[in-house]
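This structure is in structure tokens; I'll ask about it shortly.
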Amino acid sequence: MNNGFEPNIIGFLCNWCAYTGADLAGVARMKVPSSLRVIRVMCSGRIDPLFVIKAFLKGADGVMMMGCHPGDCHYQKGNFSARRRFMLLRTILDNLALEPERLGLWWVSASEGQRYSRVAEEFANKIKNLGPSPVRGEIFL
Amino acid sequence: MKGSILPFEKDLEKSILAFLKTGLDKECFEAVLIPHKIPSDDNYAYLLIKDKTLLQGASPLPPVIPVQGAKAVSALTRWGPSKKKILAVMHPCEIRATVELSKLRQASLDNLVFLSFDCPGVMPLSGYVKNPGEGDPAYQDARQKWESAKMRPVCQTCSEFGAPASDLHIGLLGAEEGNAFLFPASLEGKRIMDKLGLETSASSDGWEREVEKLKKAREEKRRGAHQSLQTRVEGPDKLLETFSSCINCHNCMRVCPVCYCRQCYFDSDAFKLPPENFLARAQKKGSLRLPADTLLFHLGRMSHMILSCVSCGTCEDACPMGIPVAQVFSLVAENAQRLFNYVPGRSKEEPLPAAVYREEELCEMEKPYLETYARTGERDASASENK
Amino acid sequence: MPQLLKISKSVDEGTKAFLEFLLKEKKVCGVITLRKIHGDQGIGYSLITRPDDLEEALPLFPLMPANGGKILSRLTLRGSPKEPVAAVMKPCEMRAFIELIKRKQGSLDNFVFISQTCPGVYPIEMSSGGDLETLASRYRENIQLGENIPETRSACRTCLHFTPPNADIIVSLIAEKDLDKSCSLFLNSKKGEALADGMAGERREQTLDSPELRLLHNKKKEERKKLFDEMGTEMRGIEGLIRLFGKCIGCHGCSYVCPLCYCDLCFFDSKPNESRPISYQGDLERKGATRIPSGTIFYHLGRLAHMSVSCIGCGMCTDVCPVDIPVSTIFSRVGESVQKIFDYRPGMDVEEVLPFAVYKEEEFQEIGEQ
């Protein structure tokens, strides 16, 4: 099923927790999938639902949203908004049968390099099994 | 004018597509902007095509204009000229609108080559989408006969179906059975035909005669249509009646290629008035239609874009209430443009009338004004009495 | 239990008489209602201050040329009227106004609302060049059957909120048998009672709820489920989305007439949304062909993300679409799911805060910790 399919996964990581956690994973030489392309945002609350939709329409096979654990947000409440927006996106994708499994939200703190490595690998494998996004190659978008 | 005979044994569209494919093969252009049927089979959309296999399903002569081609070109080149050479296959009115947009700095014509064709008109969009099974044969019929009551009203009276401002033109009128006449209308067009090894030796006299004939017939028809329309829309009462079912959706403005403003003036803060304004107006007249300023929107839009209106009819297609927007605007456009001796889109170099002036002009308009209003003596005396 | 005021005139004449009473007694300085535009040619909203002009009013006409909530928002964007104004609005128009007020796009001050138990309206295209009289009488004949009226919009046939909870006065229409002879107004609030004080008519106490209303509610619920199930099979996946929205011509009429889409300059019409040449080139290289202008599906998905939480299902979007895309059905269906997740009822209570303006520290706990 895989056929050496390398997915394109976009990750929106908050600067203070998730991105630092990812950095830590890198420094500690933990295994991180090369298919994950990271976009740093200052807070997970910055993740506009349109970013996620645009990523999928441009052919991303998977999208990850990552931020601080609830209660630990550097800006106090950004991640609470992110959580609600994630629920909105998932509901829309689900309702339109657009494979909501391709979108995920994880709370990863600055010290959780190990966790970052694990969730990224797990997600990349999940996407590999799902196969390429059916949106790829659609011309009439 | 000299050109080439393009044989199309069975299918004109297939021959044009073959020509385009050859053009891509020989690198005369790197991509083609051309309408293509959409997956639900009931409408068309512009595609920018590089992959030759995807060209197969394209439609150089679609029966409808869902998106004005000028808008597509503007979307592509508003932020800068195309880096690749693109051949755009569009109706004559779309090409003219693109030229206008380039003058308005909303599109760039660099690296863009136009292929036009004799246009039999297109069908009203809403009706076609509801029933393409009926629309397709009606369009084919119009292509054969060049006269059809099923085409849009502005198309039926259009006399600009020829080849202004394009680079290559396919002449269908006066062509012998199974042939079309392909000729270059610019240096670039000639270059392409040379590169494709198409000789330009066939004479276009037959085509020109037929075009002249049809043009005269259309102009006659338009005169009649405008005369009749004028009586139905002139004066405040009749004009209000014509626009009485307008629901202020502003579709007409948004699909119009010339209306390029991201935020229309009529949607701006200028119209965000305090309630006292509306109540005062309602109290003065007894009542006030809401949303207010419907006619102001139409006349205002008219004053903004009428000098570049190419009578493409997209506005009427988008109107959900069936108001004859395009017909009214086309009527006024002809008169307004004649005032400045301007034909939108006929020349890339011709400046927009509102962007230039001559110190001595429009004297024939000034004279009656002076005569009526600049009378000294009696008029001044009566004016001071009224104060 | 609300008071019922029964006026011995036909429901149209009775309502007009009531509006006339309000203006003449100076209980309100103006009435916003539907009226004939330019001699029978069309129908539209009008702010009427002169009682004589009410002659042309058609307060209960089964058409919605614009969402009244949007009109009220325009009126009260920069302030409220200094004296009371009566607005005759259908239930969904009231709900739209309430959603707009939550977004600071209007104010309820000095308004009194006259609404109706709404059997639905016809698509607007049925008004152009049509015979308004015939349309109205066809509608009246069908009301008393207490069923979904044939040829009304699908948004209306599947609407479950046809009884407005927030109106001051409610004209009883659904399943009324004597519309030619009697006009029943429910005085649904203190304001409503004060307004009707002095109006000639029979009064008694009566509850708004009735077996006919409940029956129609069930019928609509069934039809809604059927419509949503059918749409559910159509709008599956990107192919389904392209099949439904592929013919979109990008006129953005749907967002323009939508009461919830109040942005002066929609994001999708703005500069940041315009594709740069490099974006087109990239798409062209990747796919071999790309649609110009781009972003048709992006526009619709984006609009869903922006407003589906407040979609009140008024159906204006489908009405205005030049290529007959069933926008309202799709948006209502997604909207219903989104509203359920946040346990949100758009347009019901002006105090109920918008889902994206709040959060709960403890909610959706299963998210993020996996």
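Order of writing sets the chain letters: A, B and C. Residues in each chain are counted from 1.
One rule holds in what follows: a residue touches a chain if its C-beta (ideal position, glycine included) is under 8 Å from a C-beta of that chain, and two chains touch if they have at least 3 such contacts.
As the structure is a computational prediction, the values presented were derived from the model and not from experiment.
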- Task: Specify the contact topology among the chains shown, as one of line, ring, star, complete or other.
- Result: complete
- Task: Would you mind telling me which chain pair, A-B or B-C, is linked by more contacting C-beta pairs?
- Result: B-C
- Query: Once you find the CA centre of chain B and the CA centre of chain C, what distance in Å lies between them?
  - Reply: 35
- Message: What's the distance between the Cα centroids of chain A and chain B, rounded to whole Å?
- Response: 46
- Query: For chain C, which residues are shared contacts with two or more other chains?
  - Reply: 239, 242, 246, 287-291, 294, 296
- Could you list which residues of chain B touch at least two other chains? 38-39, 45, 47, 54
- So chain A residues touching two or more other chains come to 139-140
- Per the touch rule, the chain B residues reaching chain C in their complex are 31, 33, 36, 38-40, 42-43, 45-51, 53-54, 66-67, 71-72, 75-80, 82-84, 125-126, 129-130, 237, 240-241, 244-251, 254-255, 262-263, 267-269, 272-276, 278-279, 282-283, 286-291, 317-323
- As the complex stands, chain C meets chain B at residues 29-30, 32, 35, 37-39, 41-50, 52-53, 65-66, 71, 74-82, 85, 124-125, 127-129, 239, 242-244, 246-247, 249-253, 256-257, 264-265, 269-271, 274-277, 280-281, 284-285, 287-294, 296, 319-324
- Query: In the complex formed with chain A, which residues of chain C make contact?
  - Reply: 235-242, 246, 267, 286-291, 294-298, 301-302, 304-305, 308-309, 333-334, 337-338, 341-342, 355-356, 359-361, 363-364, 367-370
- Query: Which of the residues in chain A come into contact with chain C in the complex?
  - Reply: 49-50, 53-54, 57, 59, 69-71, 77, 80-81, 83-89, 91-92, 94-99, 105-107, 119, 134-135, 137-141
- Within the complex, which stretch of chain A touches chain B? 139-140
